[in-house]
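See structure below.
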């Protein structure tokens, strides 16, 4: 009984401080967002008009919002698939392939992730420059004097240019995460596999991936969240949704409406959609990928 | 070369002197805080001003001049390049500045938001006030045309809510040296414009570029007025039904559609926040002839490398027929007093002071011209902006009331997006002129019922 | 079995080198750009600097107040990291390894918290702080501004908004630990607290280092909360100062200072990363052997 009491107290003191701060600085503000999404309000005047679900109805007839929705989904899909694949391959190479200079590569690959978005926007503006950019310069060797590609000007390409930047930024982050969990896989598993003559590629699929599965699931959720957030930071510093909304994403459109179009309530309705969308999408991904955690 | 050095020296000197006064200002503030307890009569005025192309120092000097003029006033000055973020947060918290210099037409649209929310103070009486330290009233000093601009009278109540600041001609900017060298004339009609475009194309020079699509507002006001006169412009900007189906509306779309074909090919790729200077650089490198812009471009591109014999010049937007009236958009900024200001009388006095010769001279020293008579002559000869005001000496009609009619906020509808941002798509070829028009009409239809 | 030169290995190296070069060149470019003179920024971005214009840095420090912003950033980051670890470690440990009433709900709540983006809750947070100030004013009178422009409060908000992410990350590590650790500790007579601090936390070192690194970067580069809450010039952080140097339309571009500022922001993260990176490997290896 005494022990029971101590246990309860221990649990309480461990969980309460974090929970209280979480409530104050995240839950209550979020409730406020949900509340505001039912109002028509410019942001300054004292009169707020309750409009029910009006903002949401308008939202789904707003072609610019739908465009930003589409762009965001496209970014999530591309960035997740490409980054996930590359990060996993590079992590496996660096942990298993006995490459010279593992530390060097690991250190270098992580660098893009520590850069502020302002730096990244500056770098990629110089890379994507149609005339003197690095990318067209390199491609020019192969393509000859063909018409320069407008990486940030052609509506069909520009969203992929944004995706490219986000992938470049994210590979190192996820690679280090995968490496961290790959490092804790017992070497003996690989040794016995080697003795049985299992190929490195097969080891990767039968040992590495199952054993870091928990970690992979964690990162899938992060991909969704960070694609939404980072695409916003990048777009606002680099293109501001241009040209003609071709790079507009969820949160950049939310900012434009909430602050640039005197529609704070409407903007918050977008915030609600972003929250629900990312939550549901992650729940689906999480359910689809559920496996029992493997202990070793 | 020498000139540049001297300029740099002068700038360095003014900069260092302002830094000293800047520090002085800080200690003043501290004293006033301490002075409250001893019960001084000192009043504090909270001024917030956007740091634009003219720099931050200009405001420090003007504020100092006002403090000297008044004697018992301390100004608490906030200057920031992104003033919106700084003050909007405070305003949401109920802490309002007393005087704000922040124009309409900025991406964050804070001024427009306050207009929509009825957050500005009516300031008609300021125009009848005597300018502090002088004998004339504000109205007497103002250049005619500004007082009646619909921009500063955003509602239908006829009252004035903003005061005009820093005006400049918004025309086509070009390198006079290039045209001289090639022996080309500045086109006055669109037919001449296209002719020049073909000639230039043969030499690998594009006719047209633009920094970002946002610059098409001032450009369009003048073009619309050239086509159908100021009444037509008014109808367009107040979203009149069917206006885009008129012959004049069609003409505008036709010209813009053709202009898109003459636009430098990389323009759209660089027409964003990070890269717009590259488009402006095209003019400096003689790769494109014209761009819509404002006088601030000279400051922006001051340190950029320029083609030999480069010389800034402005031209009016071409007309359809030689016999048409010529219009030019006069771009001007605005200052205003929040309705929630706690110090309205003093703020009005400060506003009136903006039109004093003393303040106008300080502004002019930094290239900003107040809309009072004779102010453009105050610009020091060393500054390139001076010659640009010569355009007002030619037979042009200045438009001082371009700008969209005020509406209540309509969620998800932005005429600037549908009109100007969408023009990027016309230039890049992903939208036809017809599709572009449909977007403008749709946005206009949605905004019309919300007119204030 | 010694490393032979095979096609696979060649491709491996080519891939690694291409990625490395694609990172080194642009980042090195930022460093080079930071010593360019302002007028060199208008031409081809990939030219080498004409000279060493180190004045950019002294100007960034003297005119753009980068020094004081730097100090603020360090303070906020350190406070936020300390608070975060104190709050998140016990919470994550208990939430992932103890069964109690409400456990599932709390886990779900923190999980949901992952999807709350600071971009939209920043205004409500700000208004809450303003209300806090008004409340204090009523009690103590005078012009109190305790909650705004306060480095500690800022750190607290950073730590709080990072809780879901951190707890999620730590929990997923704690969950993989076998149950017998605690049972063995209890048999030895260790209390709950002792078990956590002496046995479990040291084992979590690799995860803790990951958490520190990730959150350091997040706090150091954070802009949206900082710009809203730290409005006084004396309280601004580096990213806010940096945004002020960014070329705003219609304003004169100060590229030299901007790029110097970019380097000033980037350098500490690079250095810290290099240091932590070594411990990261050590921690990971230690964890691996134990597991």
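We just call them A, B and C in the order they show up, numbering each chain from 1.
The rule is short, and it goes like this: contacts are C-beta pairs under 8 Å (C-beta built on N, C-alpha and C of every residue); 3 or more make two chains touch, one makes a residue touch a chain.
Here the structure is a predicted model, which means the values were calculated and not measured.
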Relative to subunit A, which chain has the most distant C-alpha mean position? B
Consider the two chain pairs A-B and B-C; indicate the one with the greater count of contacting C-beta pairs. A-B
CA centroids of subunit A and subunit C: separation to the nearest Å works out as 16
Note: subunit B sits from subunit A at a C-alpha centroid distance in Å of 38
Where in subunit A do residues touch two or more of the other chains? 122, 125, 129, 237
Listing for subunit B: what residues touch at least two other chains? 92, 212, 273-274
What residues in subunit C touch two or more of the other chains? 127, 243, 246
Flag every residue of subunit B that touches subunit C in the complex, lowest number first. 19, 51-53, 55, 80-82, 85-86, 89-90, 92-94, 211-212, 214, 273-274, 276-277, 281, 284, 294, 296, 299-305
Listed in rising order, subunit A residues that touch subunit B in their complex are 40, 42-45, 55, 58-59, 61-62, 64-65, 121-122, 125, 128-131, 147-148, 150-156, 237-245, 256-257, 259-263, 265-266
Mind listing the subunit B positions that touch subunit A in their complex? 84, 88, 91-92, 107-110, 112-114, 116-119, 212-213, 265-275, 278, 409-414, 417, 421-425, 428, 430-431
Help me check something: in the complex, which residues belonging to subunit C touch subunit B? 38-39, 42-43, 63, 123, 126-127, 130, 133, 227-229, 231, 243-244, 246-253
Residue set of subunit A touching subunit C in the complex reads 6-8, 10-11, 13-15, 17-19, 21-22, 24-30, 32-33, 90, 93-94, 97-99, 103-119, 122-123, 125-127, 129, 132-134, 137, 168, 171-172, 176-177, 179-180, 183-186, 214-215, 218, 221, 225, 228-229, 232-233, 237, 251, 254-255, 267-268, 271, 274-275, 278-279, 282, 293, 295-296
